[in-house]
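What follows is a group of structures, each given as structure tokens.
Next, two complexes with subunit A in common: one pairs it with subunit B, the other with subunit C.
Up next is the complex of A and B:
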């Protein structure tokens, strides 16, 4: 008799606790659901906030980084003397390796017509160090800029680069619109 | 005359006029090509398709359903083993440790606190599903769906018995870790569970050196102290433990009546099998009511102490947030402004953000840390109180039973039971 009473009391406590937890879970889930999205989140660099600090190359969980330089060709001036391609103040007028900004020679320069040159990023070589983007923004149109490439990015729950980005330029964006490319995207955050 | 020779002096002129605001402006007009040149395409590969994310939820659901069936009905260790290998391959090495339920609580916390952040359906499902299954069938998620758990389960070689008091005391840490992780997530500071996930580096075959060392250490320790992360660290495990304690059904060691042969007692690597309550202890229960009531009465006091202790160190806690850290650094050590190598300081000084704005943001974050630290500390006090109380609750057990909170439903004990159906 005594035994049975204990057992039923335990069952009562158990089932009421379980009921309470179902309610709590439902509450938390419901609250989260009210503010949820059918889309997914991915990480992206806001090129207008980026300060080209170089941490994208060193702090990504991947090596080489999932951040790559991209080229907004419509914004490019196609200069011969490219601030993103050549080291400022280089002594001779050649495109030899020691005169190139890119540490991995990932920028391919191609003559188009007098006096224009096209600069193309070789994504396999690019490490996302932003040296070219910094030079391009300092002396040119800023058409070279960094973006997170989503076929490489493993989409960490918290981006390891975002954590250390000094200008808070890496943010979550909707997976349906995963790039903030210069040209389609303006500094005030709107789309053109 | 080449245009570039014209550009050179122009460049020098411009370079002197460059201010932070002018980046991105059109200094040089877009050329008008005569050779019929067309702009190359810029490849912008899509992220992983949303349907595949929903596929992950279905796979998780499948793992949970099959494991529940195996644990409750089929009762087969072999099945659980193969399921866990499957989970390790899919959620571990294929999905590379993301997405996982263990970190999902942080997204939930951030979503509830940050008006700008909306959590995705997938994350809600990953957070809720294992807990619902835990309430129904025990910790089946730990058994063979969690990549972090199964990688440790598969390396168990010769488990040693951890003394009960060590196991119980260390078992409090996951609750502390959970509370701190939710605090850091809700304040938008950091996702510490993901940041210090020891196994994600192994799944990705690459991570920072200290994380690889941590992961390998956990696995090496795990050969002798079974599932060390699950038992003494995992913050999501804390939630699973509490839900599993009150689960509707649970794995049972014996398919029929326990014959008290004690064969199962040594089979559990996690010390999660409770022995039958000795008669002596049953007699003592009545004498313990006073202590039980005393500890129950001091729980509010413990919560107050916890809240007070943590809230008085809220500034220290808040310094993990970059804004708070920077504001304190600039105020306490203004000489860092002259340090050209300090990237964070130099970037801030070069930005159009003013010191007042930074301090205002830091103060806001500190204020939310103050509130959050009271809640977190109170929660830790509550857990400590329950821990004390639990020492004075004796359940009358006639048989060998799995401890519903600690049992991972791995099914090892099933093999040892000689009783037939």
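Up next is the complex of A and C:
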């Protein structure tokens, strides 16, 4: 009668270590393969949910924030009395500093033809405070809105802004998806 | 290290962690959020001199259909579009007619004889008082967005917000003309419609009035589209129109005064022919911030009916 071979404690620990290392190596390799071939997930703002609370400017781990104002040109009215550009109660519609709503003068206004103007965001100056987006939505078409810029965002595992967003407007989308821009998609209620 | 020291350190650490978690959680609760340092503040322009408020809200009628879209009033009847449905409501608020439309209505009007004109984006339809379709226009370009219609004699006028033009149709809904508000006068530009709504209406004197929201104006045109006169007021205060797209809706009182409805700082007010504000029907505090400007109509008694899109109800305002 053959006696069953028993492993010593040393052999058991050795084989367990080998097994564990192979498992860890396989896991890391698998994750690396998945990351290189699969979709990356990135953070985006749902502009239809945004309530312009100002936290994108104050809670991003980056300073200035990776959230910037973007302009959905298709929706813009190109008017000279832009609610996102001029402060409420402005004395006139000039580009004078005291008339500008943006605290960092990040919106550049360019004359097109009487009485139309184009509004362009200077990304380097924008801090993502949403002041212009709120003014544009209240009095205009909402063509100015916030968005998280992929090339600036460090893609934290848990977005610091998403944690404090009062309207649950920060969500993960596939990295292969384009930016969520107004005009390209609609809200649940069909609003463009 | 003694046992009591370890217990103390662990207890203090745990208490600190719990305190941080609780304070972070509480800071995000509604009402406990820190003030927004970048808030867009128009509160100073919301206040209205109480002497100007010469109307009071005397009724609210909750609508039993969702998605209100447009409202009109003629000869004792309210014409209401909700979803794809057109309803005619009598003076006792009973439903007299219900008709499913082929597309979502964007605007409507009716005349004393019960003819109903409905705008549905890029086409129009005329229905008789029984809701039977009498005429349908050809489908206009995809970009056309008719947001207001009016009847003047044998002609139908339709405001196209996207095209910044007014289309003229005959009663068979064949297009007979269009105009863009070009006056040839340097200080009065043609229609500037930055927003998604462009309104027109005909008063009891058969005068065609059209908004020019890009310059905060109400303009009077002849039937052929020639500018006759205008009133224009820009102000964030109650004495004018603000933002890029006001007034959004308007109608007339029996004596010809304008009843205007604004977005941004949502309010309804009465304006006389000079452009001066006579009274305030509904100040902004009666509406939820960030909602749409209510559509307005005036009934036979001179009461203002406001279609509150946010609360899905018709609100009735009577002069004090």
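FYI, the second predicted complex is superposed on the first by the 148 of 192 C-alpha atoms of A that agree within 3 Å, B and C clash if a C-alpha of one lies under 4 Å from a C-alpha of the other, contacts with A are read in each partner's own complex, and residues count from 1 in each chain.
By our rule, a contact is a pair of C-beta atoms (placed from the backbone, for glycine too) under 8 Å apart; a residue touches a chain by one contact, two chains touch by 3 or more.
Keep in mind it's a predicted model, so treat the numbers as computed, not measured.
Chemist: Have a look and say if subunit B or subunit C is in touch with more residues of subunit A.
Modeler: Looking at subunit A, the partner in contact with more of its residues is B.
Chemist: State whether A:151 touches subunit B only (first), subunit C only (second), both chains, or neither.
Modeler: first
Chemist: Based on the superposed arrangement, let me know which partner A:138 touches: subunit B (first), subunit C (second), both, or neither?
Modeler: A:138: touches subunit B and subunit C.
Chemist: Counting only touches as set out at the top, which of subunit B and subunit C does A:79 meet: first, second, both, neither?
Modeler: The answer is both, since A:79 touches subunit B and subunit C.
Chemist: Looking at A:89, would you say it contacts subunit B, subunit C, both, or neither? Reply first, second, both or neither.
Modeler: Once the two structures are laid over each other on A, A:89 reaches subunit C alone.
Chemist: Determine, under the contact definition given at the top, whether A:103 touches first (subunit B), second (subunit C), both, or neither.
Modeler: The answer is second: A:103 touches subunit C but not subunit B.
Chemist: Figure out whether A:9 sits in contact with subunit B (first) or subunit C (second), or with both, or with neither.
Modeler: neither
Chemist: Could you tell me if A:120 is touching subunit B, subunit C, both of them or neither one (first, second, both, neither)?
Modeler: first
Chemist: Let me test your reading of the model: by the given contact rule, A:58 touches which partner, first (subunit B), second (subunit C), both or neither?
Modeler: The second partner, subunit C, only.
Chemist: So which positions on subunit A get touched by both subunit B and subunit C?
Modeler: 53, 55, 76-79, 81, 83, 88, 114-115, 137-141, 163, 166
Chemist: Residue numbers of subunit A touching subunit C in their complex, please.
Modeler: Where subunit A meets subunit C, its residues are 52-55, 57-58, 76-79, 81-83, 88-89, 101, 103, 114-115, 129-131, 134-135, 137-141, 163-164, 166.
Chemist: List the residues on subunit A that touch subunit B in their complex, please.
Modeler: Where subunit A meets subunit B, its residues are 3, 6, 10, 14-15, 17-18, 21-22, 25, 28-29, 31-33, 35-42, 47-48, 51, 53, 55, 61-63, 70-81, 83, 88, 112-116, 118, 120, 123, 137-142, 147, 149-151, 153-158, 160, 163, 166-168, 172, 175-176, 178-179, 181-182, 187.
Chemist: Which part of subunit B faces subunit A closely enough to touch in the complex?
Modeler: Residues of subunit B touching subunit A: 2-4, 7-8, 11, 14-15, 18, 23-31, 33-35, 37, 39-40, 42-48, 50, 53, 96, 98-99, 103, 106-108, 111-112, 117-122, 124, 127-128, 131-132, 135, 190-191, 194-195, 204, 206-208, 242-243, 245-248, 322, 343-344, 346-348, 350-351, 395-396.
Chemist: If you look only at subunit C, which of its residues touch subunit A in the complex?
Modeler: Of all residues in subunit C, those touching subunit A are 27-28, 30, 33, 36-42, 44-45, 189, 192-196, 214-216, 234, 236, 242-246, 263-264, 290.
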